[in-house]
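Have a look at these structures, which come just after this line.
The following pair of complexes shares a single chain, chain A, combined with chain B in the former and chain C in the latter.
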Partner chain A sequence: MEPNLNTNQPKVNLSQKEKIKLEREMRHQIITFVVMIFFTVLAFISVASDLIPASFAVPFILILAAVQVILQLYYFMHLKDKDHEWPNAFMLSGIVIIIPMVAALMLLLGVVKF
Partner chain B sequence: MSNSQALTKSALWDWLTTVDHKKIGIMYLVAGAFFFALGGLEAMLIRIQLMFPESNFVSAQAFNELITMHGTTMIFLAAMPLLFGLMNFIVPLQIGARDVAFPFLNSLGFWLFLSGGILLNLSWFFGGAPDAGWTAYVPLSSAEYASTGLDYYVLGLQISGAGTLIGGINFLVTIITMRAPGMTMMKMPLFTWSSFVASALILFAFPALTVGLFLLMFERLFGANYFIVEAGGNVVIWQHLFWIFGHPEVYILVLPAFGIFSEVLSTFSKKRLFGYSAMVFATLIIGFLGFMVWAHHMFTVGMGPVANAIFAVATMAIAVPTGIKIFNWLLTIWGGRIKFTTANLFALGFIPSFVLGGVTGVMLATSAANYQFHDTYFVVAHFHYVIIGGVVFGLFAGTFYWWPKIFGYMLNETLGKWFFWLFLFGFHLTFFVQHFLGLMGMPRRVASYLDGQGLNDLNFISTIGAFFMAVAFILLLVNIFVSRNDKAVADPWDGRTLEWATPTPVPEYNFAQTPVARELDALWYEKMQGNKKMPVAEPLGDIHMPNGSILPVIMSIGLFIASFGFIYHTYWISVVGLGITLGCMVVRSVKEDHGYHIPVEEIQQDKEVG
Partner chain C sequence: MGHAAHNTGTLPPNPEKATLEGRNKFLAFWFFLGGETVLFASLFGTYLGLRNGTAGGPTAADIFHLPLVFIMTMILLTSSLTSVFAMLAMKKGNFKQMLVWMWVTVALGVTFLGLEIYEFIDYTNQGLTFTSSAFGSAFYTLVGFHGAHVAFGIGWIITLLIRYRKGGLTLTNAPKFYLASLYWHFIDVVWVFIFTVVYLMGIGG
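Moving on, here comes the complex of A and B:
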């Protein structure tokens, strides 16, 4: 059975250093969260508003999406923390392999047929 | 009598339910050897058909089925599982682990591979084997031109591919998380390193095959359209997807073989591997570049001179890290006390043979010249030189090297040397002349050739060579049979790496106490320090082991049944089959299984006996 984390956990005494670290972590989480909501709003506006042409809106929201993915992975899913070197290495190598591959396929097959 | 019956029954049950990496490794080896013999038989039939011009030994249709199944069987069902068998047995021992990271998944990977392989080969009995070549290019493989054989191909490879992917991920996690204390990445034996890189290639390459096979499956079975040109599709998509998988696949095969050679050459030269870190980085670079060159299989498709030039240069770049490896092997044996055992003979024979294949590879990479070579026997000669000269020699070297550890007895060296020389001679006799057949213009994948075109003699010679290889292989089987009483000691070759620190036969838990690796070639280091045993990281205690499970077998049978439903468009059967598999997954998720402990007394008993 799942242990009840709220009651069974012994009381932990945190050092000053660890407290500061946790506070900083929390601040990072909140800032990222706000930034991501802001990005989502921007994306929504750029699509909904008639003032912004589609030729700008499409690459714009794609860039926003890419940034959001990075923020998600590094801040919310702790990829920036210690002991995440292997996931980092494998995700990076995956990206490094896939970018030239997709680029080549788009050039060789054409975006429409791809 | 009833007692012995009960015993045999429980042994069968034991093998069906085992999650022990050593037993799974042995099952991979046995199944792989079976498919290797099958693929070899197909090769013999091909060569007999081509022995004489305008021969009618097999029909053109049967010939197409034979070449397709020979390629598919040899790559997916023989070479890969044989390497997986060695990796399964040896890698956990080399890193000082008790098992792989996910023993259940390991077993699932094997049974998926086996059911996929059996499914693929059942096509022989149900309406003919696939006949579109091992690459299954559309439109040859689309519903208009290919019969149900191709459905067996698509579904069989899909299932066995899932097994391979599971196995690859398992090795990655095992090597990352389960190394013995002290064994940093840069102290791992090279076979473990190359298995690691090959597993990473599996992780990135197999999804491309999965996607391609799914597209082909939906097009053939459910009337979707991706490839048919008349309906707005593009046949080249399949070629790209297949080769994005297919090119890394050849490195998945050859890198573990490189690892085997590195172990064998350094053991039998009594020297540490020359340029260890250069070897590791060359392996990584080969793995990376392997993904950047797939289009060199498609130079004549019409990609244009720019794309051809880029892929040609990228392909030639692979010769650099491979050359680094070749020179490192040469410098490893340089000045060493070389012992010419059968394993070492295969490793030494590999170097010139593989270089020949590598040189023709660079010739083929020259995209302008490739228009001349494309689809001729020159290509056939090239890839048989790299795959037999690299992978198969590696497998045979590994077989003779690790046989005492895996099966507990020594293979006969005299017979082994006969086997080596016959195989080497037959191999070069078969394939060296095929270079010239190709340059004379003999096209590959064609069931016959006309008399009086100057192709007769070389084809006859080639077939004679194939018979030499067949005799050599039979000699190996004889060897396995006649040497079965020659019991092996734990460390017959004066080995350097941790697998030779285990007793033979290897106990279920591998190491009674987890060893500490203090240097590269950990066991050799301790030998040189005058230590009789490896230093250990823990006191002798109970050992926690995983429970066996029959679920992987049932899950694989479920997918096997579901495939028949898809092939014959009887979807309730598919639902039943998928239901069995999903049901097993639910059982696995819900049922708690904490494994069991081997008590310390039992381990102590083993130690006294060993």
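Moving on, here comes the complex of A and C:
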């Protein structure tokens, strides 16, 4: 074994199992990224092309956005991993608050025009 | 905290959460992100309420550059992936590689911000300003707030990169880089909705 010349670079103690886990995580992240790119292109095409009516395109792109955000939160930001119970609770609390909030703002500002 | 690990020159797996301080930061940061969700949702709700109030000025369909915004989306999405790579490098203990990926993330973030500034200047020249209509106010507030988050994220990551350019991974700096990467992902989460709700629905719905 070559001596560790740079003492400023500590090694992380990884077992073989953890190394395999990291490799698998890497693959999952790349798949997630490809899916997100694909969804972005799909959303872009469904609006840019004249063939698709707005009545279909708008709900469709909103669903694509929701799926992308879930992928981002659960895979890129690791909400799916263990030890993320409280982060999940915080984000879910936020989502529970924002649904009536966005609906109320849309109605009060957009329809009632206060 | 963690001095024993420092002395032997090795770190435990998941160094970002190996200390109590790291775990506390992690928890508090997610609490902050929950609050940020509410902040951005209030701006989205306001935008959705006011987006038809164009006061005779340009509408969304008149001025938005869809191809430019598409490129910006791709850039931000890619920067999210590079910060994922940075965190994977960190978990493997490869600090140098982590720094490189973080610099790539910063470079993509700066490109994104530059395009956004160009976009805003162009819209202003076409008559959409902060005070020209309710649509203008809501648009610049929402997208500008996101842009400010990008600018803050760039400043944050550059500060960390300069501060820790020498030396290696420690139990002190691992949580800092981890939180900066979480923040960067969150910026991308918000942008996915801006791309969909503001730009795509502005053009197509």
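Rule of thumb we're sticking to: the second predicted complex is superposed on the first by the 86 of 114 C-alpha atoms of A that agree within 3 Å, B and C clash if a C-alpha of one lies under 4 Å from a C-alpha of the other, contacts with A are read in each partner's own complex, and residues count from 1 in each chain.
To be clear about the criterion, a residue touches a chain if its C-beta (ideal position, glycine included) is under 8 Å from a C-beta of that chain, and two chains touch if they have at least 3 such contacts.
Everything numeric here is computed off the predicted structure, so don't read it as measured data.
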{"item": "When both partners are placed on the shared chain, which of chain B and chain C touches more of chain A", "value": "C"}
{"item": "First, second, both or neither for A:Gln68, with chain B first and chain C second", "value": "second"}
{"item": "Chain B versus chain C as contact partner of A:Trp86, first or second or both or neither", "value": "both"}
{"item": "First (chain B), second (chain C), both or neither touched by A:Gly94", "value": "both"}
{"item": "Touching partner for A:Asn13 - first (chain B), second (chain C), both, neither", "value": "second"}
{"item": "Which superposed partner A:Leu108 touches (first chain B, second chain C, both, neither)", "value": "both"}
{"item": "Set intersection of chain A contacts, chain C complex versus chain B complex", "value": "86, 90, 93-94, 97, 101, 104-105, 107-109"}
{"item": "For the chain A and chain B complex, residues of the former touching the latter", "value": "86, 90, 93-94, 96-97, 100-101, 104-105, 107-109, 113-114"}
{"item": "Chain A-touching residues of chain B, taken from the complex the two chains share", "value": "176, 200, 203-204, 234, 236-237, 240, 244, 288, 291-292, 295, 303, 307"}
{"item": "Contacting residues of chain A [partner chain C, same complex]", "value": "4, 6-15, 18-19, 22, 25-26, 29-30, 33, 36-37, 40, 43-44, 46-48, 54, 57-58, 61-62, 64-65, 68-69, 72-73, 76-77, 83, 86-87, 90-91, 93-95, 97-98, 101-110"}
{"item": "Contact footprint of chain A on chain C as seen in their complex", "value": "5-6, 9-13, 15, 17, 26-27, 30-31, 33-38, 41-42, 44-46, 48-52, 66, 70, 73-74, 77, 80-81, 84-85, 88, 91-93, 95-96, 166-170, 182, 185-186, 188-189, 192-193, 195-197, 200-201, 203-205"}
